[in-house]
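Take a look at the structures listed below.
Next, two complexes with subunit A in common: one pairs it with subunit B, the other with subunit C.
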Partner chain A sequence: MAEWAIVPVLWPLLTAIVLIMQGGTPGRQRTISILSLLGLIAFELVLAASVTDGSILVHRAGNWRAPYGIVLVIDRLAIIMLLLAGVTALAILSYDAADPDPVIERLPFFFPLFQFLMMGLNGAFITGDLFNLFVFFEVLLISSYGLVTLGATARQLRAGLQFMVLNLVNSALFLFGVGVLYGLTGTLNMADLAQKVPLLPPSDTALMQVAMMTLLIVFAGKAALLPLAFWLPDTYPTPPPAISAMFGGIATKVGVYAILRVFTTVFADVRAPGAEVLMALGIVSMLIGVLGAVAQTELRRLLSFHIVSQIGYLAFGIGLFTISGVAGALFYLVHYTIVKCALFLVSGAAERLGGSADLKKLGGIAHLSPALAALFFVAAVSLAGLPPTSGFFSKFLVASAGIEAGRYFGVTICFVAGILTLFSMMKIWTMGFWGDPPATTAPAPPRRGVLLATGLLVSFSVTLAVGAEPLYQFTTATAAQVLDTAGYVEAVFAPGGRP
Partner chain B sequence: MNSPLLTMVARILLPPALLFAAYLFFRGHNLPGGGFVAGLMTAATIILQYVATGRARVYAPVEAQRLIGWGLALAAITGIGALMAGMPFLTSTFGHIEIPLLGHFEASTASLFDLGVFLVVAGVTLTILLAIED
Partner chain C sequence: MELLVAVTIGGLFAAATFMLLRPSSFPVVLGTILVSHGINLLLVAMGRVRLGSAPILSSTTGPPADPLAQALVLTAIVISFGMTAFLLVLAYRGYQRAESDSVDLEADHG
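And then the complex of A and B:
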């Protein structure tokens, strides 16, 4: 199987090439995109079947042996991320197919950009080389710049400029961190770094710590942890809902993934100070993010503040670096990606239905479309973490891992933030979904396909609640594999390839 | 722009500039150069023609945007060729060819990839500059 491990990167690239070459109507571009995604997900399921037993697929690009060439590594963690990206992308494209957004209809190069975004995501998830990670971050970012400003309204350009400047600074810092590491060890392969970083002489330790903190800041900025999160609530609500959902659902998780990957390989033996900082950032984000959300009255902006808060939970769980902590965080990640994406899509449909993005002007969505309201209700309750939803299990797992590790303060904040999340979801519910619809709207209930696409995600989240046990077992196995640095190194350096 | 001087210079410069781009491209296999700079050089040459003579008088057999697609396709297919041959992605191979009058050459599949890079860079640069010119 290892020779096909490159396919998750190549597939979106080839699709993008086909889309660029054939041009054509948005309808045709959409059909090709959806068919290609279905193929990709099917292929990823085949890949998943061969890594669930704990084996690691290693693809040596150009057939060069590990520290010299670039390796692509697919383990359980990578396959979770790949499948999540595939499923959210599929739901988003189906949503857009059912109710084409006027901006996307007018600018059909959305579709190739979307494929490049997928390519950057998938590449970042499977690469085993630090510089290659940087390259895939850039692929992801360059397509994001295009997507964030798709439609080019004044508000989008303002947010887009901010997003771009911040990410350029971030990329420069990333390069700086990678450069320092390369200067110290002479290698960029993550497995090779994992072996060389612990052997650095004491005189180089300070510089290595600088590189570690720099990379932590870069990834925290990408993942939108406070205090590096202020760009997010400005940027994410401005593009069409489908694009917001893609960013809010999966694109932010790349930062979380990168933190987890780099701190369990490159800095595995020296991560203690970084882990403390990560947890502190997580706790602050959890609380401040949700407080920010409570104060908002614009639907998707409110949800964007929640991203900051939810990422805090992930950072807290991962920062523990125990099997139960990472396993809980991964469970949380799966649940939250699905639910967040569903909420963005529902709110997109609600904005379309109510004719406004402002909660003060919305109202009575539950009258206009009971089905949409039901979907929102399930997703919102799940995000807030009430039993018996998947959100309850995720928060429970992260909190219990925190108690296990004796982090009582963080756990307390988890609960406080959970209650505030519930409060802000109730605010959306009472202001947007209850009450009488405003007289000015001409309601056209959302198309069946919109409900179907969001329903798919919501039912997935319900399935997670029912099937929490098998998923938790899988994330526990994943956490054990991720924390086993020696196993990763061994897989990457297995014999094979040109010297 | 209507300047006889610029038109003249652009016309004279066209062949040597393109030749220089080709030189950069072939040199790039083992020395500094390659598809990226050759693409920039070519795009710059063509832009100079546009500026000097106006768009209507430059013969453009393909749209610049199409070049991006072709270039990406060529680069990707070079890599996939290796996959099809049972080798990992982008594994390169090479052989030696004899061209009459010019002598001995080393031909490798990496050059095909580089040609893809050349097309993408030329296409992107032309697209951006022409958009700005409009």
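And then the complex of A and C:
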């Protein structure tokens, strides 16, 4: 099975090439994209079946033995991320199929770009090499530059320019961290680094810590943790809703994933100062992000501020670096990716229906389309963390892990941020969904397919609540595997391959 | 030699930081170019600074240079070249659309 581990990278690449070569109408491109995605998800399920028992699939590119060649590693964490990316992408493409966005209809190269984005995401999730991670980040970023500016309105071009300059500087810092680590250890393989970093002489420790903090800053910037998050609310709401949903749902999670992976392999033995900083950033993001959201009146901009706040919860849980903390954060990640994506899609449909993105001009969506309002209600309640939704369980797990570790201040902020989240969701509800519809709109209720695509995501969230126990067991097993650095190193250096 | 390389990298970063903080977009683009030059030099330096050594194992040319660091730089150069081209187009289109070279988002509405 291990030799097939490269498929999640190659599959979207081949699909993108086919899409570019055959051109054709947006409809045909969309059909090919969706079929290809279904195939990919089916294949990932097969891969999942062979890693759930705790085994780690290691693909050696060119059959070169680590650390000489690049390895691709699929473990439980990687498969969770791969499947999440696949499901989110499928929901977004079906949403777009049901209600084609005019911008995407006009510019059908959205579809190849989307596949390249998937390739970058999948590659980042499975690579076992630090420089390779940089390359997949670039693949992901280059396609997102294209997607963010799709349509090229003046506002998009400005926001795209800021997004791009910020990410170019971020990538430069990434290279700086990678370069310093390479200069110190002479290797870039994460498992090899995990062995060599603890053996560095004391004279090199300071330089190693500089590299660690630089990489933390880079990943925190990608994940939009607070001092580095101000690009996000400007960038994410500007493109069409389908693209916002993809970014808001999964793209920021790559940063969170990278923090978790790098701090449990490369810096596993020396991560204490980094973990403290990560937790502090998480606590600040939770609170300030949600305060920013409360002040907004533009629908998707409000949701974008929530991303910052939710990422804070993930950073707090991961920063604990205990099994319960990481397991809680992973549960949170699954729940929140799906719910956030659903909320972006619902608000896209609501903007279409109400004819405006501004909450002050919206109103009466519940009257115009009760089904859409119901979907929003469930997703919003889940995001705010009220029982019996999946949001309740994820907040509960992160908070109880925090109490277990004696981090009472962080846990208090968790609850405060939760209440403020509820408040801002109520704001959307009362301003956008209740009341009378504005007289100017010509109501055309959303098509059934739109409701179906968002309903798929919302029902996932409900299933997570009902099936919280099995998922929690799986994330606990995942956390145990991720925190077991020796097991990862052993799997990567297992005999086989050319020397 | 080490000092010269270090001062050059530091100078590039200092200039880049100044350029990146400018309010209009063209200097910012130049700033990103300077950043990537600084990083590329740093990566080469991380493969150890040696004069006149080639990345080839040979008995006559002395100790070899580290080929991996050079490969990394090559990748980084290709990426930053492409990105610079795209960034210039983006900045120019933004200038055409908004009729201002400002980086600031709010400047368009004011």
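Please note the rule applied: the second predicted complex is superposed on the first by the 499 of 499 C-alpha atoms of A that agree within 3 Å, B and C clash if a C-alpha of one lies under 4 Å from a C-alpha of the other, contacts with A are read in each partner's own complex, and residues count from 1 in each chain.
To be clear about the criterion, a residue touches a chain if its C-beta (ideal position, glycine included) is under 8 Å from a C-beta of that chain, and two chains touch if they have at least 3 such contacts.
Model, not experiment: these values are computed from the prediction.
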Fit-or-clash call for subunit B and subunit C when the two complexes are aligned on subunit A: fit
Contact breadth on subunit A, by residue count: subunit C or subunit B: C
Subunit B versus subunit C as contact partner of A:I403, first or second or both or neither: neither
First, second, both or neither for A:A486, with subunit B first and subunit C second: neither
Touching partner for A:L161 - first (subunit B), second (subunit C), both, neither: second
Subunit B versus subunit C as contact partner of A:V180, first or second or both or neither: second
Subunit B versus subunit C as contact partner of A:V294, first or second or both or neither: neither
Contacts of A:I17 with subunit B and subunit C, given as first, second, both or neither: first
Superposed arrangement (fit on chain A Cα atoms) - minimum subunit B/subunit C Cα distance in Å: 8
Of all residues in subunit B, those that touch subunit A in their complex: 65-66, 68-70, 72-73, 76, 79-80, 82-83, 86-92
Subunit C residues touching subunit A - in the complex, by the definition given at the top: 20, 25, 28-29, 31-32, 35-36, 38-39, 42-43, 45-48, 68-69, 72, 75-76, 79-80, 82-83, 86-87, 90-91, 93-94, 97-98, 103-105, 108
Contact footprint of subunit B on subunit A as seen in their complex: 3-4, 6, 10, 13-14, 16-17, 20-21, 59-63, 497
Subunit C-touching residues of subunit A, taken from the complex the two chains share: 131, 135, 138, 142, 145, 149, 152-155, 157-162, 164-165, 168-169, 171-172, 175-176, 178-180, 182-183, 188, 234
